[in-house]
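All chains are identified by letter, namely A, B and C, in their written order; residue positions are counted from 1 within each chain.
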Amino acid sequence: MKAFIAVAAMSLMLGAPALAEEKRGEKMAPRSPSVLSAEDIQSVAPALARFGSEVLIGDLWQRTELSRRDRSIVTVAILIARNQPAELKHNVEVALDNDVTAAEISEIVTHLAFYSGWPNAMAAVAVTKDIFVARGIGREQLAAASPELLPLNQAVENQRSTTVEQNFGAISPGLVKFTTQPLFLDLWQRPGLKPRDRSLVTVSALIAAGQSAQIGYHLNRAMDNGLTAQEAGEIVAHAAFYAGWPNAFSAVAVVSEVLRARGLAG
Amino acid sequence: MKAFIAVAAMSLMLGAPALAEEKRGEKMAPRSPSVLSAEDIQSVAPALARFGSEVLIGDLWQRTELSRRDRSIVTVAILIARNQPAELKHNVEVALDNDVTAAEISEIVTHLAFYSGWPNAMAAVAVTKDIFVARGIGREQLAAASPELLPLNQAVENQRSTTVEQNFGAISPGLVKFTTQPLFLDLWQRPGLKPRDRSLVTVSALIAAGQSAQIGYHLNRAMDNGLTAQEAGEIVAHAAFYAGWPNAFSAVAVVSEVLRARGLAG
Amino acid sequence: MKAFIAVAAMSLMLGAPALAEEKRGEKMAPRSPSVLSAEDIQSVAPALARFGSEVLIGDLWQRTELSRRDRSIVTVAILIARNQPAELKHNVEVALDNDVTAAEISEIVTHLAFYSGWPNAMAAVAVTKDIFVARGIGREQLAAASPELLPLNQAVENQRSTTVEQNFGAISPGLVKFTTQPLFLDLWQRPGLKPRDRSLVTVSALIAAGQSAQIGYHLNRAMDNGLTAQEAGEIVAHAAFYAGWPNAFSAVAVVSEVLRARGLAG
């Protein structure tokens, strides 16, 4: 009964007039938590349908600690990293409704070809191309294959490349080479995603894949480029739902270390 | 040749009269190790078909260190955690034949929405709903969305929530909040799965995802609720087949620590 | 524009005359980096199509630090370990074109049933059986289910089994038993893959799944059986593209330790 009321409440909350108002100001929460209908979810797990409407949509996506645009970026990155095309389809649609541009989606897929692997990006392409066709999004709306790159901070890059070369230059010259070019001298300098957003995508993918060891470097980079401590903490809360509690708890320990090292946590 | 004999032997072993007897007493081993037919497996890898019949069905599922009902719960949890819908379909059928109730399957899916992530649960819903329809399982057979919850052990919960709040309350207030409600005050208190089984599901999902760091807490909780040392060891053996040897070896080191700390291993 | 030139250049490079020459000598690079067409990739991410042609095919697969046959084995192992059937289909075709035999593909699938889990192997069977049918590959071309096994190095096996028994014999007798038989006394002794290649498959799957803790043992075993230091380093570079940079960086640290311990790195 409680679930029915909640669903009814949600559909009122997200109904036409409220939606119209939202369209003018705030971004939208997803109308539905899944590509599956509430009825399908209820037919297997009524409690899950309740958690989807009451908690996932009715609470998590309403929280202001992270913007809805950022939540969409985090969600899309997690789903590409975990290779879940069915829910990715749903959430690319939500992201486009939340003012993540097609060019940015394109850039996120490209970025995660490197951070989650080429096959994950191919699965994302397969899902996204149909959405782009359906929305009439053509190549002219996407980032160019070879745009003018952002100016490079040569000092930071020198430090990075020297460290990697010293550690692994004799072990895997190929890895060191490709990490410099195309990874850091090309991909990371592409203008299609703001550096803060590119780091947000990277951190989200690392949390989603349980790759805790590399979260620290990229979270610091994200915060150097404008991500706030509050946003960092809320990314973890969002990831708990989309990548599971264990990955969130592995990540929050690293976030805690980073924030303390930056003097941003008690 | 040996493989053909083994397959023939298996089909005799699992033939009608033996099956009828089993139905009255013990639970059944799966008739087949996969949604794929033995012929399909043989057409690619004859040895794999042999291992499937001789070892997976002919040995692992016959072992009494873990009941067949428990093996089904472990298998379903692993397949949801690793997002493998084709084999999940096969093993939800096996689980229902092994007296895991539809209500329990429903609860396992709901539980793993939190421990393996919402998208994994959605993939499990997509598979399970068709099985429920085919078996005529309606919502009246499932756990209610908001049932009366199990009584809470307030002392244990206070300790848990205090620790999490102290460690991460300033870092990710959202994660801390959602971990309390709905995770520990709602999901874990739902009566649709016995606490021992809920912990069995959690431990299985953690092993399957290689999340060793969090196995210890949940294995202790499982054993506090009745899981035996022998069962703990056999879960790892079962997981070796369904989640791969490397995950099993990462897990067995943690199981060893837990058992030794509880004075249950030499 | 640059992307179009690159694609044109690639199609010239890989065109008929060069190909004919390659067929006589070197193995082929894949004609395409994905089961998806270049047009599909460009419709979502023009830069990704450029990276696919310029870097993945135009550079990585051209490098001689690892043979194309080895690159195919590594790629197939990674895709089975990460359960990505769409790209696996493409790369099993490439592997067969690169003189990986059907019998070896069959053996890789069988091997990874143990190292990546039975369900991953079943997904690989589903993909591979159609390719075998289309190419007229019948069971007579595959390894027998129970062939005469390679001679066992009893001293090495005694050491392995004693260590595992001492560590985990009292914890999980089932895991210890199945690790001996069928894993080490049967699977690892099958003649269908050379020991060096079997270890190459294992190391690739471990890198792909982020299971760093177990790379060291199997990399040493691979090098004992003939894998060179240069090949070890290049496997990591190859895996960066197919399993993502974070897994490659976790792996390269272990490769570095192994090479230094063997006196093979500065």
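What we mean here is this: contacts are C-beta pairs under 8 Å (C-beta built on N, C-alpha and C of every residue); 3 or more make two chains touch, one makes a residue touch a chain.
Model, not experiment: these values are computed from the prediction.
Taken as a contact graph, the chains are fully connected, with every chain touching every other chain. Between the two copies, subunit A and subunit B, the C-alpha superposition involves a rotation of 120 degrees in steps of 5. In whole angstrom, the spacing between the mean C-alpha positions of subunit B and subunit C is 29. Residue positions of subunit B touching 2 or more other chains: 83, 210. Here subunit B touches subunit C in the complex through residues 1-3, 33-36, 40-52, 55-56, 59-60, 63, 65, 78-79, 82-84, 86-87, 210, 233-234, 236-238, 240-250, 252, 255-256, 259, 265-266, going by the rule given at the top.
Only residues 83, 105-107, 109-110, 113-126, 128-129, 132-133, 139, 142-146, 167-168, 170-175, 177-179, 182-183, 187, 190, 206, 209-211, 213-214 of subunit C touch subunit B when the two sit together in their complex.
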